[in-house]
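One structure is given below, encoded as structure tokens.
Chain nomenclature is as follows: A, B and C, assigned in order of appearance, with residue numbering initiated at 1 for each chain independently.
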Amino acid sequence: MPEVYKKDDCRLDMRPDEGLPRELREEVGRIVGTCRTDGCFDHISQLPIPSRESVVEIVKLGRRILFPGYFTQERIDPVGLEYHLGRMVVRLYKLLSTQVAWAVRHDCHRYEQACSHCQEEGGKVALDFIRAIPDLRSILATDTIAAYEGDPASSSYDEIIFSYPGLYAIMVQRMAHLLWEAKVPLLPRIMTELAHSKTGIDIHPGASIGESFFIDHGTGVVVGETTEIGKRVRLYQGVTLGALSVSRDQVEELRRHKRHPTIGDDVIIYSGATILGGRTVVGSGSIIGGNVWITDSVPPNTKVLLKSPEQIVIGRED
Amino acid sequence: MPEVYKKDDCRLDMRPDEGLPRELREEVGRIVGTCRTDGCFDHISQLPIPSRESVVEIVKLGRRILFPGYFTQERIDPVGLEYHLGRMVVRLYKLLSTQVAWAVRHDCHRYEQACSHCQEEGGKVALDFIRAIPDLRSILATDTIAAYEGDPASSSYDEIIFSYPGLYAIMVQRMAHLLWEAKVPLLPRIMTELAHSKTGIDIHPGASIGESFFIDHGTGVVVGETTEIGKRVRLYQGVTLGALSVSRDQVEELRRHKRHPTIGDDVIIYSGATILGGRTVVGSGSIIGGNVWITDSVPPNTKVLLKSPEQIVIGRED
Amino acid sequence: MPEVYKKDDCRLDMRPDEGLPRELREEVGRIVGTCRTDGCFDHISQLPIPSRESVVEIVKLGRRILFPGYFTQERIDPVGLEYHLGRMVVRLYKLLSTQVAWAVRHDCHRYEQACSHCQEEGGKVALDFIRAIPDLRSILATDTIAAYEGDPASSSYDEIIFSYPGLYAIMVQRMAHLLWEAKVPLLPRIMTELAHSKTGIDIHPGASIGESFFIDHGTGVVVGETTEIGKRVRLYQGVTLGALSVSRDQVEELRRHKRHPTIGDDVIIYSGATILGGRTVVGSGSIIGGNVWITDSVPPNTKVLLKSPEQIVIGRED
């Protein structure tokens, strides 16, 4: 066999006489072995585990039901609407009830409890979720209008519904928050991380957020688990509503405590601002300037701005 | 029936005897009802609406035509090139002319005008777009070279074409900008938000940007609608070229006005810098340091840096 | 023909009598022409080029093998585990050996060398990669535990494995780093840019990172090519471990030099902090506060914080 391939060989992905190397079998054995040690994570079990793919589909279905006609190739007319929505709602019920049941069962199993209620719980949560859709639609309409009114670059509601990442992120968070309140494990966070991945906006499913919420641009926004946000609040890219720093030994006692700020109504927080701490309250009507750093409460109707831009301006010499 | 499932039951997604809950039908009715109130958004109509999936395919096709041979599993040799490109161009024409026609028709419908020109407009815009491809290829070549010359970590042009998010974002924006200039509704923004979602780089389709443009890393970059950028400009992650703050009543009058800065030739803007305002001009050859905040013009050949890092350094006590 | 379409026409994507415009053929010719000039990039060749789609599948397979049972719709029990893993490992071997061979061959071709070793190299690298899986599993277990211990909002290891972007990003980077060390061209960067796209976390495949690494939230994090990070380090969103500014003529000499910082063990770096320069060392046990800007070394066990928040607080007048 020649050491240098002829030009023709380049077209071949693998020479016909080349099989798999023998060592592969041995390596599979080693990998199987490491699944049985404590230092690794796996889920080797007949028990089902929630599926990311299904959660992706739940979010897609949710969006189609919440904004009918926008995210489908089909054209939906008033006569066919009921069938169209009915079909999607049934599909959503089946997927969601199954995934909730699996998530609950997975949790029971983890804590070695018998799972007597998983299936019932799945059906109940899925039905409650579907019951909440009309209210979700209303509050998302206020978010859509807030985007139009808050952004001079927006040219129509349709543009916002089709393309604004802030609307997508709050839509997913509002869905996830319903499941969070129903104490469903795993799924709410998978949902919001899906939105985080698509938008760069990381809103924890635990955060409670009022109507007419608008995030412009949004990349880098972080809204922590125990944040409370009032009505008509507007955030820009890179805003953090986070926790104060945590030393390693405090982590356990802090789980589930209020660690993130409370934001009043009609607050605007400009890009890059950071507001930290569970006791920090930003009063209604206040404006927080770009890059401002806040760890104490701010009274209502207050403006907080960076003092003077401490910058050096010099002729360039390179 | 036992309260605790036997192990075998765990394998079932849903018990066979369990159907859909009766209440589901009622809930579908309620959801249909809310589609007929004013407080919600839907698109229930025989009229078509642009499709996100098609826009995704348009961008993919565009990339394959602009960088032939890089993003396809087929191998393309010089003989087959014309057929390969021809097939893709035809597909692009069909998709784009249809989506433009739908977007224009959707807009006409919104303003209750008769749509006498939608189809013609679609064909015309799609043909003009295809005509612009050779020029797009040339300017994207300058962007690719700028990335290689601006980033010591780059090891080849191919690496940049395959993997640099900054090149992807400017490629999509340059395509979207053509449609923006042709006054196509909806599609340009859907396109740039697709790139925003993939890269964290949010460049509005309205921004006008010169050749040899390079964004390194890019996450968090925001370039607003009326921004103008010269030649050979380099941006780093987290740079905002934005608008000054807007009070709620000013939004309407600001739509379509120049609200975002003008950046000269050969400017470098380091990570986290913020430059705001429609009258702000950064002169050619200037360098804006990391985290700098600018709301006034900067003369040509100027360096702007953060003064002294006002920081406390203390021995740790925890 | 009527100028205004009848309602029925709206349903048609394209009128039946409307074909493709004749000019299209000419435009295809012009586009083909521009592929033969120097100012554009294309890959017109019988030689294969690495495929992004295959790299996406390699990363997916890698994740399924590293965390068995989590990212598959199949349920895997202890008996079937070997077959399940074996099938995936074989698939990974085939894909990876082919893509590595293509990447190496592509590079040889670029430098006009004969490619006598591409195929062998592909098989060798793929086998070494598979051999490294047990160690990868162990170090990723330390990363998973570090996330749980570092984030009070985390509620289980499963939640972290399913949804934490920081774990995804470091998993991909640790895989890419293996290929980087084997000097495979193109693929490592395609892999980490895939993770960057999904998470907003941009870790160069060249960075070397110790065990128990945790990035919280993560959007906007940049870790440069020659960064070295110790054990048990925690980063928050928006942290840059980057290079000092580079003038245009220095780029060439800087390629492959140490340009990015070294971070000791047990360091915490809060959101928005920037640490620059190849000679900058952050000593073990130090804490870098939010938004801090560092270009000089920091001794061990030191806290660096922003001095006082130079901010103006004023009653709002608008």
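Following the convention adopted for this analysis, a residue touches a chain if its C-beta (ideal position, glycine included) is under 8 Å from a C-beta of that chain, and two chains touch if they have at least 3 such contacts.
Quantities reported herein were computed from a predicted structural model and do not represent experimental measurements.
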Partner chains shared by chain A and chain B (touch criterion as defined above): C
Cα-superposition angle relating the copies chain C and chain A, to nearest 5°: 120
Copies chain C and chain B - interface residue numbers shared by over half, same or different: different
Centroid distance [mean C-alpha coordinates] between chain C and chain B, Å: 20
Chain B: positions in contact with at least two other chains: 11, 46-48, 75, 200, 219-220, 238, 272, 287, 291, 306, 310
Complex interface listing, chain C residues touching chain B: 3-5, 7, 10-11, 13-15, 18, 20-21, 23-25, 27-35, 39-53, 75, 106-107, 110, 185-186, 189-190, 193, 196-197, 200, 202, 204, 206, 219-220, 222, 224-225, 238, 240, 242-243, 245-246, 248, 250-252, 254-255, 257, 259, 272, 274, 285-287, 289, 291-294, 298, 301-308, 310, 318
Chain A contact footprint on chain C (complex, rising order): 11, 46-48, 65, 67-71, 73, 75-78, 81-82, 85-86, 89-90, 93-94, 97-98, 101, 105, 114-116, 118-119, 123, 127, 130-131, 133-134, 137-138, 140-141, 144, 149-153, 155-159, 161-165, 198-200, 217, 219-220, 237-238, 247, 268, 270-272, 287, 290-291, 306, 309-316
